[in-house]
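So that you can tell them apart, the chains are marked A, B and C in the order they are listed, and the count of residues begins at 1 in each.
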Amino acid sequence: MTRPADAAGASYAGGIAMTGVTVRYRGTVALDAFCLEVAAGSIMALIGPSGCGKTTALRAVAGFVRPDAGRIAIAGRDVTGLPPAARDIGMVVQSYALFPHMSVVENVAFGLRARGQPGPAVRARVAECLALVGMDGFADRLPRQLSGGQQQRVAIARALAIRPQVLLLDEPLSALDAPIRRAMLDELAALHRDLPGLTVLYVTHDQGEALTLASRIAILCGGRKLAEGPSQALYRRPPNRFAAEFLGQANLLEVAVEGRVLGGMATVRLGDTRLKVPDADIAGARALLCLRPHDITLADASAACSAACNLLPAELRMVHWQGERHLLELCVAGQTLRVSLPPLRMPPAPGTSLALRFAPDDATLLPHEPG
Amino acid sequence: MSAARLVWLPPLAISAVLVLYPLALVLATPLAAPGGFAVLGSSLFLGALVRTVWIALCSTAGCLVLGFTLAVLIGFVPFRGAALAARLVDSIIALPTFLVALAFTFVYGAAGLLNGTLLALSEAGPHALPPVDFLYSQWGVVLAEVTVYTPFVLRPLLAAFAQLEPAQIEIAGSLGARPWRIVRRIVLPAALPALLAGGSLCLLLTVNEFGIVFFIGAKGVITLPLLVYDKAIQEFDYPAACAIAGVNLALSLALFATYRALLRIGTRGSGGRG
Amino acid sequence: MLLWSAAARSTAWTVLGLLLLLVYGVPLGLILLASLTGQWNGVLPSHMTLSHLAGTLRAEPAAQLRASVLTGLAASLAALAFGTWAALALRRVRGGARRWLELVFFLPSALPSISVGLGLLVAFSRPPLLLNGTVWIVLAAHFVMVSAFAYGMVAAGLAQLPAELEQIAESLGAGPLYRLRRITLPLLAPQLLAAFSLGFALSMGELGATVMVYPPSWVTLPVGIFGLSDRGAVFDAAALTVLLAAGTVAVLAGAARLQRLAGGK
């Protein structure tokens, strides 16, 4: 799909800075001294389990809830006390909240008309925004005559029409079916390529969406930020147990830290096996070893352990076939380990003893926390 | 900003002038007049009070029985036109109440359908059938009020039945429960909040009813509203009228409070189930 | 479905049909018949006439009809404005104050019409506001009697509007009045129309408060009908009642139809 370059693309240039933002609803603390920096022109995903305060954080940036403490700045300007309309934001909510009595055109034009822009300018901008989201053929439809995905595009066009510096998206895909969701995710990525200056704060509870779309991810739990970082780094090197488990699947094995070796590596013991893994700043002798299921492979039983890999003896418990993958459930020193492999021609039978192999660099040591 | 905060003041001012101030005066007038409350000891007043409550209770009981019967038949024995029948009964709510009282004159009145039929039968047959004059007793008022106020029970009941999952009744039926048992064990409990709320609303409206009693105009059937009218308009005895109106108001407000409380319980109950 | 056998079902329908006929069909049918009756001495009228219905066009009933329609329009429009304002204003009020205000706005629906009339009569027969004997006291009585319904219907409609719509509009730069005009009121249109038509219908049939306060110069239709019935002119009373009921039902049906057309459903 070709898209017209947005004439005002250059004017999108505002990052978001939240510092120490606290929001309470009658006793419950929905957001607890929350800090977040979103660089201008980047996409930040805010993820976390239901009720952790994602929507609250977004609504605080939009100005729909007043923080009890903390400051919020957009494009370097303190907007903490400003009403939503003065914040230069566009917002898309889960239900889209299209105005049901207005056509697509009227919905998109709403913000421009409310700001008293002249008719010809409004028409031109509306056409531009509808083209941007690929909805130019639906101008005169009413929202109820549109599919979920189409409604979502109109909601985005409506938010973008006023040329906001910041686009706030609250679970925009959660009301859509899985296939449409994947297509819309691509569309959103394409949209951001067309509007490179637009800062996007994207709330979702779907880690897949976050990893696909965002350059950085922040993980929220119970109103607090538990982890934040560039998407890949956060996935490869989660800083704690919650981040490891929430962002993708992870095996977390309890290990004993035996000692540090040169080159930033540490030796840990899992049962009777010694493993080399990247060292991390861990207090105490116990730690969690984080291993992604797809970073582990089967080794020949006869293979010797070279310096570049770790070997782990395990007993196979169960084999699940998932079409494009085989999922193996194994027992290692009394702990459960999941391994995801490309389809096996002849899967081993449960009860077989196997040797597993993983590269030291694919493992991460985490502070020990009981699960 | 502070002007926006006080935006509720104009409607409150209007209510204060047109509702609260007149009500306060009604309560205050007998206080100011010497012996203003004497009328409350009269047998006329006490009789009217007892009759008002009795008529209201009988009418409400009638509304509950008729409303429940109609609702079960309309709601659970589907037929074409059920919705239309419900809408027609519903539109009675918007019609003046005296319409039914006037109509009853032609059904049960001295020269109406019923007595005309009785007279014709008496003339034709061997037995003389005495004319029926129940319209001019309190039962005429009760029947008219049942007719007028049943929709106030029927409407919430039909709404409650619409919430009831049809599968519940079908499964109960498939387990061998007889219809009467299904009504008693499944339908009635589901209908209870609506019955309570609708019943207390009927009680309130029948205690306040004026048009029906006024139009039927039976000699002995004097209720509180009618007594207020007589004292004020026929006798110009405003302190007495206000004293009686005060009692009527107290009764109405107590019923109103009950109705609101039941409504709240009802919505909470159904919210919990759903 | 409660009854499965065809016999039981047809019994149930027969019972329902008989009940509806007896309780509603017969009285409504007979008042219609009475409005067409010339003489009624036996079981049924002995001859029919259109003269009673034609009589509703005479000067006196026509003036009463005019008074009722004008009163109904003025009272229900005023109640609509009041109820809408009150319901919108209450959204900004929280806590105990809100409960008290709700109670005040709902209160008239709990009051006996006679007491409302008596209160207005007592309150406005003395300074500072002397309204007794004028049209205004009738208008005030009708306004009070329908205001709670208007408030209740608009408040119920508002409660159903998703809060997000207005918030999004606000974030797009719409001020309070612009939001009210472009979002809130258009979305409330069905409730506003229903509140207006029900208010009009109730006002057209109002009797209790009116008989307490009406001046001889402003006799409404229900008061006029009572006068006829009291004088024994029951067939004329029936004709006027039929006219009143037909008008009321027509207004309600018209409003419902308008709503369906506007809703496109």
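Note that contacts are C-beta pairs under 8 Å (C-beta built on N, C-alpha and C of every residue); 3 or more make two chains touch, one makes a residue touch a chain.
Note that this is a predicted model, so its numbers are computed, not measured.
In terms of Cα centroid distance from the overall Cα mean, chain C ranks first.
Relative to the C-alpha centre of chain C, the farthest chain centre belongs to A. A straight line joining the Cα centres of chain A and chain C is 56 Å long.
Each chain gets one centre point, the mean of its Cα atoms, and the points for chain A and chain B are 60 Å apart. If you average the CA atoms of chain B and of chain C, the two centres end up 17 Å from each other.
Annotation for chain B: no residues touch two or more other chains. Residue ranges on chain A touching chain C, taken from their complex, read 62-64, 83-85, 87, 89-91, 93, 95, 97, 99-101, 110-111, 114-115, 158-159, 162.
On the chain C side of its complex with chain A, the touching residues are 162, 164-165, 167-175, 178, 182-183, 186-187. The part of chain B that touches chain C in the complex is made up of residues 4-5, 7-8, 10-12, 14-15, 17-23, 25-26, 29, 66, 69-70, 72-74, 76-79, 85, 88-89, 91-92, 94-100, 102-107, 111-113, 116-117, 119-120, 146-147, 150, 166, 169-170, 173, 179, 182-183, 204, 207-208, 210-211, 214-215, 217, 224-226, 228-229, 232-233, 238, 241-242, 245, 248-249, 252-253, 255-256, 259.
Residue ranges on chain C touching chain B, taken from their complex, read 1-4, 8-9, 12-13, 15-16, 19-20, 23-24, 26-28, 30-31, 33-34, 40-44, 82, 85-86, 88-90, 92-93, 101, 104-105, 107-108, 110-116, 118-124, 129, 140, 143-144, 147, 176, 198, 201-202, 204-208, 211-212, 222, 225-226, 229-230, 234, 237-238, 241, 244-245, 248-249, 252.
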